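The chains carry the letters A, B, C and D, assigned in the order they are written, with residues numbered from 1 in each.
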Amino acid sequence: MRLTREKSLMLIVDLQAALLPVIENGDQAVTEAAWLGGLAESLDVPVWVTEQYPQGLGGSEPWLLEALPGHRLWQKVHFGAHEEPAFAAALAESGKRQVVLCGTEAHICVMQTGLGLLEAGYEVFWLVEATASRRAAEARLARERMVQAGAVAVSADMVAYEWLHRCDDERFKQAHRRFLKGRSPRPLRF
Amino acid sequence: MRLTREKSLMLIVDLQAALLPVIENGDQAVTEAAWLGGLAESLDVPVWVTEQYPQGLGGSEPWLLEALPGHRLWQKVHFGAHEEPAFAAALAESGKRQVVLCGTEAHICVMQTGLGLLEAGYEVFWLVEATASRRAAEARLARERMVQAGAVAVSADMVAYEWLHRCDDERFKQAHRRFLKGRSPRPLRF
Amino acid sequence: MRLTREKSLMLIVDLQAALLPVIENGDQAVTEAAWLGGLAESLDVPVWVTEQYPQGLGGSEPWLLEALPGHRLWQKVHFGAHEEPAFAAALAESGKRQVVLCGTEAHICVMQTGLGLLEAGYEVFWLVEATASRRAAEARLARERMVQAGAVAVSADMVAYEWLHRCDDERFKQAHRRFLKGRSPRPLRF
Amino acid sequence: MRLTREKSLMLIVDLQAALLPVIENGDQAVTEAAWLGGLAESLDVPVWVTEQYPQGLGGSEPWLLEALPGHRLWQKVHFGAHEEPAFAAALAESGKRQVVLCGTEAHICVMQTGLGLLEAGYEVFWLVEATASRRAAEARLARERMVQAGAVAVSADMVAYEWLHRCDDERFKQAHRRFLKGRSPRPLRF
């Protein structure tokens, strides 16, 4: 199971500003989601963002939304986004079959969304660096469960180079200039 | 494989007071079993408790039983609860297909019970925080074996939000008030 | 896949005295193999021991052989014991289908033996505490490969209680007196 | 899935001198690739080496190429070597079905090569000690993904003894003299 640009959609779950301070590695989750989301938009990969009950919990981290001007925003009351009929219908209409998934909390909304997507036949790629919970051990458990259910755990760099596929075209050169070259070797925490 | 309230039964294996002092993370096992068991009872998910040879080893931790007034108690001589014909018959009659499993010792009675349940066709969810052995490394080995055999390793929080499914109904609001809100972010040990 | 006394055979690979000093956790491997081998013999589970090229490398740890008076000894030149026709024929004749496997080096002779057994249709149980290599990381890698190939990683305690199955018969009482009760809670290293 | 000399080919991906200084455990990767590559050549197992866009990134570590005089060199622009038609055709013509794979970066070129090989029906053996990335955690993630996809994670020692198969022939004696005996017990880092 390899990712291609054409089949991919990136889904960022519930990176809501009011929740992030209590999330272990929450800062990394937003930074990496923004980085890969930016690359996605530059490659015409759709970026969708969900918010859990924003009337009560508040909206997404503002600078994340600003960094991803092409994003499509969804509100939900089910923990799993795919339980919302409008979301499920729109995803089916998009024609995309591969979902790069991240957000918070890993073991609640991200996991329930991912399990729903797998059951509906999508290929799910669990973006490890950008998926977090209040307790990192619980994010890890969610990841293990998702992999057992058939998802593939990936890093942002891994996804980037699969989308780019080769290094000798204009697309790669632009991505290298804007995203890959400027990337500092941050330590991975997961 | 996702949990639903309607299909679930929670099974707490052999949390007997006289054994707990030598169990690594035994205090956490009882605390988490009581917490999720309480939520289970409030959602009409049956909670069953087993005791291994209580005439010799003594009974369950008393405050656990008090915290779960709706529990059904089983005594056994086989390490695996499902080897006891009366238990197996009652479980089949309950109509439940998903068993959230925890207790001690992870690698003896919990594991043998879980393998028996899997062989009998049940879906088994291994509640990591509430499953322990004298040696934590052995509890981890039991968990790996169960996952290999088809069980799903879960945390108490994970189960809670799968049972609740959505955040906009009265059920969630009650559970939030009684269980979720009051929960301190204890570190996970496993 | 659960172990039963009736179907089991225990196979101890190449615990040769001259090799043990350079093996990480080699002392634990011999101790645990002797402990479980002793229980096996008391339950009429056959215990077989192999030696790799003893004319060059020397024989098994002497006290291990003394502790297991009922053992059957095999010499081999292939790293995998099941490549030796006489061994393979005798194992088939034994009628046993479950092999509890341990010894050194985990990633050479134990692993090649285990892979051969799996390919021949046996159920293989990898006894983690009694399986070691010069480098512990390499023993762990061997274990992961075996599990991927279909083996089950087990601890000595786990095997003991599966063989015993229940706690209310004379067999358990004897085993408890001779083996389980006297067992100190050694830390597990693997 | 066991390795045999006759079916094997060793593939070393992009160990290019200019990239190695920023790779975590990069020195170990080259050392172990050279060691196992040397044994491979002595056993008539073909050793192939790839370079990613050498006109821009520079060539392979010189002493690696010198240590493997029989190597066949491939240049590529796709991150996955098997995307290059000439490479794919030559590999098919070689008749080899088992590829021992290593190099850098684990999560980009090695992984994409490995996934391509698996999809094309080859058996892939991921040589853990000789496969590295700028961040070791990302190399580990790549390895987990490859194992999930069906590859087998191996160590150099493991491969060596599978290729040799038995200890009583001239082949083993030569390999022992030239490779196995002289090998210091380096700690494994992965």
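Note that in this section a contact is a pair of C-beta atoms (placed from the backbone, for glycine too) under 8 Å apart; a residue touches a chain by one contact, two chains touch by 3 or more.
The structure displayed is predicted, hence computed values, not measured ones.
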Contact distance in steps, from chain A to chain C: 2
Chain whose mean Cα position lies farthest from chain D: B
Chain copies touching (chain A, chain B) - same or different residues, decided at half shared: different
Chain C on chain D, rotation in degrees - Cα superposition, rounded to nearest 5: 90
Between chain B and chain C, centroid-to-centroid distance (C-alpha), Å: 32
Averaged-CA centre spacing for the pair chain D and chain B, given as whole angstrom: 46
Multi-chain contact residues (two or more partners), chain D: none
Touch-based graph of the chains, sorted into line, ring, star, complete or other: ring
Touching pairs - complete list by chain label: A-B, A-D, B-C, C-D
List of chain D residues in touch with chain A within their complex: 22, 52-53, 77-79, 83, 107-108, 111-112, 115-116, 119, 134-135, 137-138, 141-142, 144-145, 148-149
Complex contacts: residues of chain B adjacent to chain A: 1-2, 128, 147, 152-155, 157-158, 161-162, 164-168, 185, 187-188, 190
